[in-house]
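Pasting the structures here.
Below are two complexes that have subunit A in common, paired first with subunit B and then with subunit C.
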Partner chain A sequence: MKHEGRSRQNLKVIMAVSHNENIEAALKSQIVPDQEFLLQGSVMDNSLGVLIDRLRGLCDNSDVHPETFHDHEVVYILKDFNAPATPGPASQGVMLRVRRAVDRPDLPHQLRYVGYPELGNYPALLRNCLDVPVSSNVREFLQELGAKLDHEFMAKGYIMKKGRIKVTVFKMYKMGPGMTKENLEPMTMSHLVELSVLTTKTDMSVADDLRALADQLKPLVQLERIDYRRV
Partner chain B sequence: MGVSVLQIFPDASRSGCIETEKLHKRIMNLDAVQCGMFTVDCDSYYTTAQTGGGVRKMHIVHNTETPATTYAILDTGSKQVTLSADYLFDLMLPRLDHMYQSKKNLKIESKGAKYEVGDFVVKIGTVTMSGHYKGILVEVEYLPSVTPALCWSLMREFMQSFMGSCVKPTVPPYLQNKFHDVHTPQDTVQQYVEKFNEFREGPTFTGATPSAPSS
Partner chain C sequence: MQREERALDTALEAIMQRVVDIKGSLQELLGKIEQEGERSDWPSYLNAYSVISAQIYTLMKVLKNEKTPVLRNYLTLPLQLSADTDDKLLAATEGRVPSFSHDFVPNLLRTKPEPDVEARHLALEAKMAQVNQDTAQKQINIHNKVVKHVMEMVNTAREEWETETSSRQTHAQTCSLNETQILVAALGTGKGIRVIQQPPQQPQARPQPSAAQQATPAQRKAVSSVKTNIKAASGMHPYGR
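And now, the complex of A and B:
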């Protein structure tokens, strides 16, 4: 009985690897896909058909029609709103984005953190990025957390993929009182084109594939690394 | 997923293993089958700045029963919001450290063996806070039902059969508030947070009732 007790104790020790140790180990060995390469551009609405045809030819599954999406994105800022404003990143707070698929209410909401672009000569814009699927009460949660709503919009368009690269072509719509799903007010006369890929700190090879795909879309779309701090 | 109830098992001797051994023996007498281990851990984060309405707390809970989920329970004092998120939520927390910082010395967990007794799952956990033994917490889950109102009396009877009089005949307040609702995994972790807070607040917790059942 004594022996049995001890072996149980040993088993406990072996199995007692806590969650935090796992995630810390994953972070240390840099296998968490928390880096995003991004290239952005835009196309006028009247050229959309040509671009979609071109992309269908370049991307995977060219035999089926590209998948559409209709997302609602709400952007919150989390910072100490009572603190006096001081220059520097500390007072800017953290931007947290909540996305939900309007056309697929069964899918979980997505909470997204996007960091500032990294400095350096990368083929595409590189930034820290975290996507976390969350339960549908996330907006209430963020408000109670102390975050304030900054802005929101609707995005409607097409999503395709080529290997690990995600290609989205979408139009942004304003949100406001009286806006319904059928009655949306577009922000611009053009569609936004984004090529992005999620990767780890140790695997940067995919950035060149991203650049190659972007080059194949010229001169239809000019895809560039856009640093919002310089806009 | 059924209905879960948590019960603090009084440990007057504060020895830990003697009492868990006692519970182990009793549960084995009920034809229980031991089926692995479990861990529920809880980290607590507090607001760094005094933003108007006092200190807000965020409890981050992991449960080995739902290994891909992180639960974030926000406690503003007047309101509780429980967010279920993917495990990657943990990586988000360092980004929030300008607002919320973890109190490392409050890290608390319940760890122990898991048993199956017919339709019941029993987890006998040893609670430790930053390495110090705090007490024994028993989780009892009744699998065939999801509504506390329909199975509470059965669960109470089962719990009394191996824990004795420390199981009160009245419904625990948490369950009472959601007596007719569908029980979810969030309800289980919220009960854990409630009990963990009791352990934290009572520095030398020896159990609610002095009349511990004799084995």
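And now, the complex of A and C:
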């Protein structure tokens, strides 16, 4: 999902990478925006219009129609595939997500890493999150590294922002052979709704803004912190 | 009639209980002020105040309760008026009211309205005497008509509002927790969309499981390494389960 604000933050991270000392200092003082607060929910397709109207009223730039996106996401797993399966996160390997904007081929691909939800009583789901713009041959690169394709899907929907909060409403489509880009099979009869905000380890106050926005969308959408491992 | 009396009794009992509670808290606070004064910290004072305000709130709730009879409709009728000290009264009020007389309960024993109320009442009576009977009747009719009209408007507005809110309650479901969970799981772990499209290594592993299935049990034991292959392959296809 392309997003100017986030890309800019990614850029910052990359620029920091080019100066090793800088990133070390940034990590030490915990000012790298690599933490993501997330609230998730869903809205049934027949109520999508109502939700979009309400979000337009709540979010920035309510005078223009919300930006749409059409992304293709491919998820790779990187791990030692010959190791015996043991319970626990170690044997599950690392999931690396490659996102590509189908509707905007000029934009760079995004390599995305999302960590496991942090334990603790946070107002929203908190996890490590890294997004890096990459060149289009990233998939070959990952395969050369030994990563295996795990699954892929299409996401089509709307993106809005309110201050630092990113709001996405999108539908997930299954992919497979025989399914052309025009003929996709939707996962469910609902759109997934996500409120997220990137922050640093030292700035947790923004989660309350996230909660406030989530409360304003009730009862149309129930946005909660959902740990996907427990679903 | 008897039922009304009983309701009044229970209501009064409840009110008295609340009043006793408030009195206890107030005494506690007074004792605290006297004994500790400024030595005590302000949060503890604020706590005491919030306790009292909560008690007053519950008292008001009892008074406004539907089951509580409207107390202002009841008359207090003094049966005995004496300036002498009444021991029973003194005991009942903890030594604060020695006798039931005008000095202590002026409001309860008043026989005339307050002076300014009386003055306003007289002014209204004088105004009434000036207007002639027919005009007054006409004005009353017009007033009643207007009030009736306003009442009708309020009632229709309320009906509309009530139907609107009730229809809003029966509004169709806009979100489904089940679908949320399906989508979140799919996004997080790929559950339900882990594909059909084979990773390049898979096709080679495929014939092996089928060969193992056809083999005799003895053979199956021998090729235990194949078995782990089956596991790995089936692990990639959780939708099959």
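Simple rule for what comes next: the second predicted complex is superposed on the first by the 213 of 231 C-alpha atoms of A that agree within 3 Å, B and C clash if a C-alpha of one lies under 4 Å from a C-alpha of the other, contacts with A are read in each partner's own complex, and residues count from 1 in each chain.
We take it that contacts are C-beta pairs under 8 Å (C-beta built on N, C-alpha and C of every residue); 3 or more make two chains touch, one makes a residue touch a chain.
Note that this is a predicted model, so its numbers are computed, not measured.
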Looking at the overlay, what does A:M172 touch: subunit B (first), subunit C (second), both, or neither?
-> second
Kindly classify A:V32 by the partners it touches after superposition: subunit B alone (first), subunit C alone (second), both, or neither?
-> first
Is A:L130 in contact with subunit B, with subunit C, with both, or with neither (first, second, both, neither)?
-> first
Check whether A:Q40 is in contact with subunit B, with subunit C, with both or with neither, and answer first, second, both or neither.
-> second
Check whether A:I226 is in contact with subunit B, with subunit C, with both or with neither, and answer first, second, both or neither.
-> second
In the superposed arrangement, which partner chain does A:L145 touch: subunit B (first), subunit C (second), both, or neither?
-> first
When the two structures are overlaid on chain A, which partner does A:V98 contact: first (subunit B), second (subunit C), both, or neither?
-> neither
Intersection of subunit A residues contacting subunit B with those contacting subunit C?
-> 81
Residues of subunit B defined as touching subunit A within the complex | 21, 36-37, 39, 41, 43, 47-49, 51-52, 56, 58, 62, 64, 67, 70, 72, 74, 76, 79, 81-92, 95-96, 98-100, 109, 111-113
Spell out the part of subunit A that touches subunit B in their complex, as residue ranges.
-> 5, 8, 11-12, 15-16, 18-20, 23, 27, 32, 34, 78-83, 90, 93-94, 111, 113, 115, 130-135, 137-138, 140-141, 144-146
Listed in rising order, subunit C residues that touch subunit A in their complex are 172-177, 179-197, 199, 201, 231-232, 235
Within the complex, subunit C is touched by subunit A residues 40-44, 46-47, 50-51, 75, 81, 85, 148-153, 172, 174-177, 187-190, 192, 219-222, 226, 228-229, 231
